[in-house]
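Below you'll find the structures, each written out as structure tokens.
Two complexes, one shared chain (subunit A), two partners (subunit B, subunit C).
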Partner chain A sequence: MARFLGYLAKRIVNYIVMIFVATSLTYFLACAFMSPRSNYESRTPRPSQESIEASLDKANLNDKTPVTERYQRWLTNIVTEWNWGLSPAGDSVNNEISSRIGASVKLMLLSTILSIVIGVSLGVYTAQRQYQWQDRFWSGLASVFLVIPTVVLAILIVFFAIEINQQTGQRIFYVTGLSSYDGPNFFIGLIDFLQHILLPTIVLTIISSVGYHLNQRTYLLDEMHADYVRTARAKGLTKKQAIRKHALRASLIPTSVNVAFSIASIFTGAVMTEKIFAIHGMGEYFINCINNNNINGAVAVAAFSGACTLLGALLADLFAAALDPRIKMS
Partner chain B sequence: MEEQNNKDEQLTNAQLELQADAAGPGEVKRISYAGLIARRFFRQKSAVVGLTILAILVLLAIFGPFICKYDYTDPDFTAINVAPNARHWFGTDGGGFDLFACVVHGLGRSLVIGLTYAILTTAISAIVGTAIAYARGWGEKIGMWLLDMLLVIPSFLLVAMIVRAASGTQGWIMLILGLTAFGWIGYARTLRTMALSLRERDYVRAAKYMGVPSIKIILRHLIPNLGSILVIDTVLCVISGINSETAYSFLGLGIKAPDTSLGYILSQGSSAMLSAPWIVLIPSVVLIILCVSMQLIGDGLRDAFDPYSRAAGEVADEESKKDEAKKAAAAAAGNAAGSHHE
Partner chain C sequence: MSDTTSTTTMDDTLRYELLEGNGPKGAPTGDPVMSVRNLRVSFNTEAGVVHAVRDVNFDLWGGRTLGIVGESGSGKSVTALSLIGLLDDNAHVSGSVKLNGEELIGKSDEEMSKIRGARISMIFQDPLSALTPMFSIGDQLAEALLIHNPDMTKDEVRKRCIELLTLVGITDPENRLDAYPHEFSGGMRQRVVIAIAIANNPDIIIADEPTTALDVTIQAQILDILKVAQKETGAAVVLITHDLGVVAGTADDVMVMYAGRAVERASIDTLFERPSQPYTMGLLGAVPKPHMPAEHRLVPIKGNPPSLAAIPAGCPFSPRCPMATDECRVTEPELLPLEEGEGHLVSCHHMDEIRDKHLTYADVYPALEPLLPKWADVPRDQRPVVLEVKDLVKTFPIQGKGLIRRNKGTMTAVDHASFTIHEGETLALVGESGSGKSTTLMQIMDLVVPEEGTITVLGKKTSELKNARDRRELRRNLQIIFQDPMSSLDPRMPIYDVLAEPLEAQGWDKTKINKRIGELMYLVGINPDYVDRFPSQFSGGQRQRIAIARALATSPKLLLLDEPIASLDVSIQAGIINLLEDLQVQLKISYLFVAHDLAVIRHISDTVAVMHLGKIVEYGDTEEVFTNPQDPYTKALLSAIPIPDPKVERTRERLVYRDGKLIPASSLLPKSLK
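On to the complex of A and B.
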């Protein structure tokens, strides 16, 4: 146990160093490529030079201050007060991010669970029927969905949903936002929420279940041809029993690694889907940061996603260690 | 008696071989490796379909601007938001721009961006990945740490930061550079894993002890031995390049007016989806066809390189074909019996 904790601590320290270096690099990159000054200069009427300088100085975004000095101030604020700075407009990045994580989680949670369940079961189903028509159909469909750009998929789904709405003359599907009902009735609220979340969930589920499906199919096929499955068959197990009791278990180990990364990505949201369905989550915030020259916001999003990715990596290690008897913590 | 027979047979076999050799090399058709792969590739219907579609799309992108009366930059103010008709084959958008001209131009952009990105990314990741594997020891540790560190921040963010600063007409070059700058990292990691077994081969060690410089070993021994994987990766990488271009342009970060691309058309059309659905549907269909054709080619190449796949074909004479049929029938019967038991 002590060795395990030691290993874990070493890993975490390594990850923290990685996030620190990567975030710092992002900060310098963002400072080089984004110019918050242009936000003020393009305003009509153009504010006075002093007020521009004052606003930029207040947000620690003035490009006339040496970048190392700005970096130092930015880092000190984070380390001492956990303050990720201000946007060019003067809003606190901390507040904006914390208010948006909720929307992303609402959006991603359902679709992540659905895509894991659907993807893995389809993978198991098709692997058992390799080269039969079911396998050809589902795997063919999956490889088509695999290559379709997310934008195209989302737009087509929105298009058909609007068509259905028009044909039936009712608003069955909502294509923007997460809710439009503000009343006290819980059930109307729930149905309203479901109407809003249905389409983005379909898009996200299709995109990510395809990966699970194809991976799980490959993993299970690899295991089905392993020697120990043949041994199990030779001892008298039926093919189904041998797969369920032996091959399937082993094939779920690499899948669990993917699941770990998916769990982490729940919090970072989905850029394209949030943009198309006008959901105010982390993905949309990131796009807004880039478009509004919000250096501090963009770097905070980068750091946050980095932390989530590494959390996923840590989870993946733990999952693999728990499931795979061959792995020893060292 | 039997021995005698065998001996006779051996003799005749040997004689046959001698005869075959004497007949000269013209008798045996020699085929280069590339020729072999091409033959296996063209044996697959789906791959040929993919290649044909791609060829048509490439021709359309090259010659489309010449057969279309309109340019993607000059609007036709007499026809604004009209549905596809004889004059405007794909209709026009809200600004009166001919959609056929725009789509053809955007298709060209997508193809150029996808191909350049794929080739650059594969080249960089192959060199870095194998170099890290070949370095061993501390070099490998530091290299892997750097790769992991670069993978921590989603590359989507970093690329978006860089390409957003680009101007309208040069945006696509900036987009290629930005995508390539952060696109190779994941691949390099995969290729390093593949190169781990290659670096242990005898010919690599032999070259090393003969004093061949490391760069030469990497370029001449390690990378060519990853060749098949690299070719497949390049083709599939084109798809991810096209997908990324669409995503960035849709978000208004990649290609911007006055230039146009499929993603940009989509973003323009998505606001007028009800009044002018063709603006959204046509580029979508083109993108899907393009990506699926690349996918078919990639799958075809994978099967062509895989010695165990069915693309290798069967070479059999009449006798063994009958044997095969018998075996297959027996196996099917056995299977049926087996499944009956289950």
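On to the complex of A and C.
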């Protein structure tokens, strides 16, 4: 156990170094390509030159200050105060991100769980019925969803939802935002939330469960024909028992790696879906940062996704080690 | 088939089997535990309907071993899988398989699963993949017990597991129960598989090539364990193999299969004394004998085993048979007794002629040619030295795990190995897996400067090679041939490109290359018109010929051969061995031959170096080493080779190498078997 913790600590220190290097590089790149000055210069009426310089200096975004100096100040703020800086408009990046993470988690959590459960079950179900009609039907459907772009799928679903709303004459589905009820009643609030979250959840679930389904099907098919499944059957297990007990576990190892990474992606959001359903989550924020020359915001998002990805990698290794005795975590 | 005819054939099968008494256990007595009649298995594949098994009949008796011998595609494994009901879903099985009178064909997977493991069990070929890597040995053994005896308590299961592991010779079984398969060697894993197979005292144990993937000394141990298992359970054993030596030492009755049918069936001693079907004769004749010096060239059976999707009309062996007449190409012969009143069954139209004239291998197959005179023009010791390896050392660091890999010491893979090869000479490097023979080969191939010692190729030390040009020049004279011709040729390259590549690398021009490729194809015996074909259009033996042609393209002086025939069928091997011998005499090439098949080595090599744990423990003339081995490890290795002669196999005592000493193998077996 001590060796395991030591190993874990070593991994985490390694990851911190990696994130530091990647984030610093992102900072320099963002500084080279984004021009917050133009945000002010294009305003009408154009603010005075002194006020532009003052605002840029305040946000530590002035391109007249040498980049190394800005970097030093930016880094000091993060290390000493965990302050990720200000947007060109002067808002705190910390506040903006913390309010948006919540929206992303609300959006992603349910759909991630659903897509793993549905995708993996369908994969197992179809693999056991390879080339039978059930397999052809579900795998065919999966291929169709695989090639439909997210945007098109989302708009189609929105279209159907509005159609249903019109047919019934009631607002069953909301197609924008995450809530429109502000009252104190918890249950009305919950139902209102569900009415909002349903459509984007359907879109995200379909899109990511397709991947789980097709991958899980392939992994299980590979393992189903392994020699040890035959040994298990020779012992007296039926084909189904042998697959469930022996092949399934092995086929879950690569799936668990995917799952680990998707846990990390819960926090980084979904760019397209958030845009279409007007959900103010991390995905939308990232796009906005780039459009609005928000250097500090973009770098913070990049650092955050980097941390999430590495967390996913660590989780993936832990999952694999838990499932496979051949992997030793020390 | 009408009822009356099937009854008579059934009786005949059994009647002849009861006459098979020319083996160590005499004729079978009592009722058979399993009766297989008119077994037919076919598969629908993209290439058409494959008739993998056609009308196979046999019976199994408790305590007796039936050896089923055949090459790849003979239907032997499919026969075995159909007994235990483990064929793929697309297999069509007909006929009858009766276990103590109970019909098994037509049973559902659920019904069969009650019989599998309890009354019929199976041992598979590759122990490395036969156990589930995620579960401990104990769990997998316990599963076999619990699935059939759900009422067993935890303690009972544990006690029985320890008992089983002890029986198959796993030391310290209490602690090994919690180990995972990857912590076991191949031989140990096969022992565990055998323990699983005998867990429920089955009536029948099917062993499908149980030792093919193992080293020769491990093979001998596993065959002994199999005998213990049979003794312990009283089961009937079906041993499926392509190795006639393995059959000779283990089986009581033998059935030879070819193209999905039994072509000869007899008691073990009868089959080896008097093989009477031309295919069996060829099979026995084509194998080099490990216990006799090479006196003449091997005679290969021409052609290749047929594809089961397109079995030739008439006798399926007729396209390869030297005795074939028109009749053979039209009707398929039946399996009939060779002599009245004997159980020796043969399927051949020329059976009467073979019996009456007492035809043997030497009469049927083209005359045995004497070995080519190798040292005719220049005696061996006057020939120049092509390769000299002196005190070669190669170590590998043993790495700690984790992100920062600290070296935890070194493992010496090659420990001061020295040998020399003269022009036109073959040196065989012999040893078991992990002995360092492949590492030695790769060190020479890479022309590395060794950690210690020297490698001298054609008089040039590798440490004195200055630049890439020197290396390329030397590499022209040094080529390698790998084990698996299926994977060593690029499947997307036509043969022309395969052969042209090494020449282009040496900067030849187009017209010279074309001429050379024609020569090469002729040299290895492949029609030069086939240069546009892709490797997948050739059989395994032809591909290995192409690989040899590729290696010969630049007229090398030294060929490194890494198990060049191990993946080929027995009847094909002889052809490749002959080709290598011819090429050596014609071109005066030297071979460094790495192999684990000691019979082949005795046949082809002039000198032998036996490697054990990185050291060369014995080095000398092949005949000297084989007839008068000095090192105890060599003695153990030689005594482990199965000899394709049942009488020799039964009478000799195998020796086992333990901590530098030799002990008789029987002393390691449980007392019950002695």
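Convention: the second predicted complex is superposed on the first by the 329 of 330 C-alpha atoms of A that agree within 3 Å, B and C clash if a C-alpha of one lies under 4 Å from a C-alpha of the other, contacts with A are read in each partner's own complex, and residues count from 1 in each chain.
Here is the rule we use: a contact is a pair of C-beta atoms (placed from the backbone, for glycine too) under 8 Å apart; a residue touches a chain by one contact, two chains touch by 3 or more.
Being a predicted model, the structure only gives us computed values, none of them experimental.
*Asks:* A:238 contacts which: subunit B (first), subunit C (second), both, neither?
*Replies:* After superposition on chain A, A:238 lies in contact with both partners, subunit B and subunit C.
*Asks:* After lining up the shared chain so the two structures overlap, which partner does A:155 touch, if you call subunit B first and subunit C second: first, second, both or neither?
*Replies:* first
*Asks:* Tell me the contact category for A:147 with respect to subunit B and subunit C: first, second, both or neither.
*Replies:* first
*Asks:* Taking the superposition on A as described, I'd like to know which of subunit B and subunit C A:306 touches: first, second, both or neither.
*Replies:* A:306 contacts subunit B only, not subunit C.
*Asks:* Based on the superposed arrangement, let me know which partner A:249 touches: subunit B (first), subunit C (second), both, or neither?
*Replies:* second
*Asks:* Applying the document's definition of touching, compare subunit B and subunit C: which contacts more of subunit A?
*Replies:* B
*Asks:* For A:182, decide between first (touching subunit B), second (touching subunit C), both and neither.
*Replies:* Neither partner.
*Asks:* Output the subunit A positions appearing in both contact lists, the one against subunit B and the one against subunit C.
*Replies:* Touching subunit B and subunit C on subunit A: residues 238-239.
*Asks:* For the complex, which residues does subunit C have touching subunit A?
*Replies:* Against subunit A, subunit C makes touches at 84, 86, 109-110, 113-118, 121-122, 124, 126, 129-136, 143-144, 147-148, 180, 182, 193, 196-197, 199-200, 401-404.
*Asks:* What does subunit A use to touch subunit B in their complex?
*Replies:* 18-19, 21-23, 25-26, 29-30, 33-34, 143-144, 146-152, 155-156, 158-159, 162, 166, 238-240, 268, 271-272, 275-276, 286-287, 290-291, 298, 301-302, 305-306, 309-310
*Asks:* Any idea which subunit A residues touch subunit C in the complex?
*Replies:* Residues in contact with subunit C: 7, 10-11, 14, 226-228, 230-239, 241, 245-246, 249-250, 323-326, 328, 330.
*Asks:* So in the complex, the part of subunit B that touches subunit A is made up of which residues?
*Replies:* For subunit B paired with subunit A, touching residues are 145, 148-154, 156-158, 160-162, 164-165, 239, 242-243, 246-247, 250-253, 263, 266, 270, 273-274, 277, 280-281, 284, 287-288, 291-292, 294-295, 299, 342.
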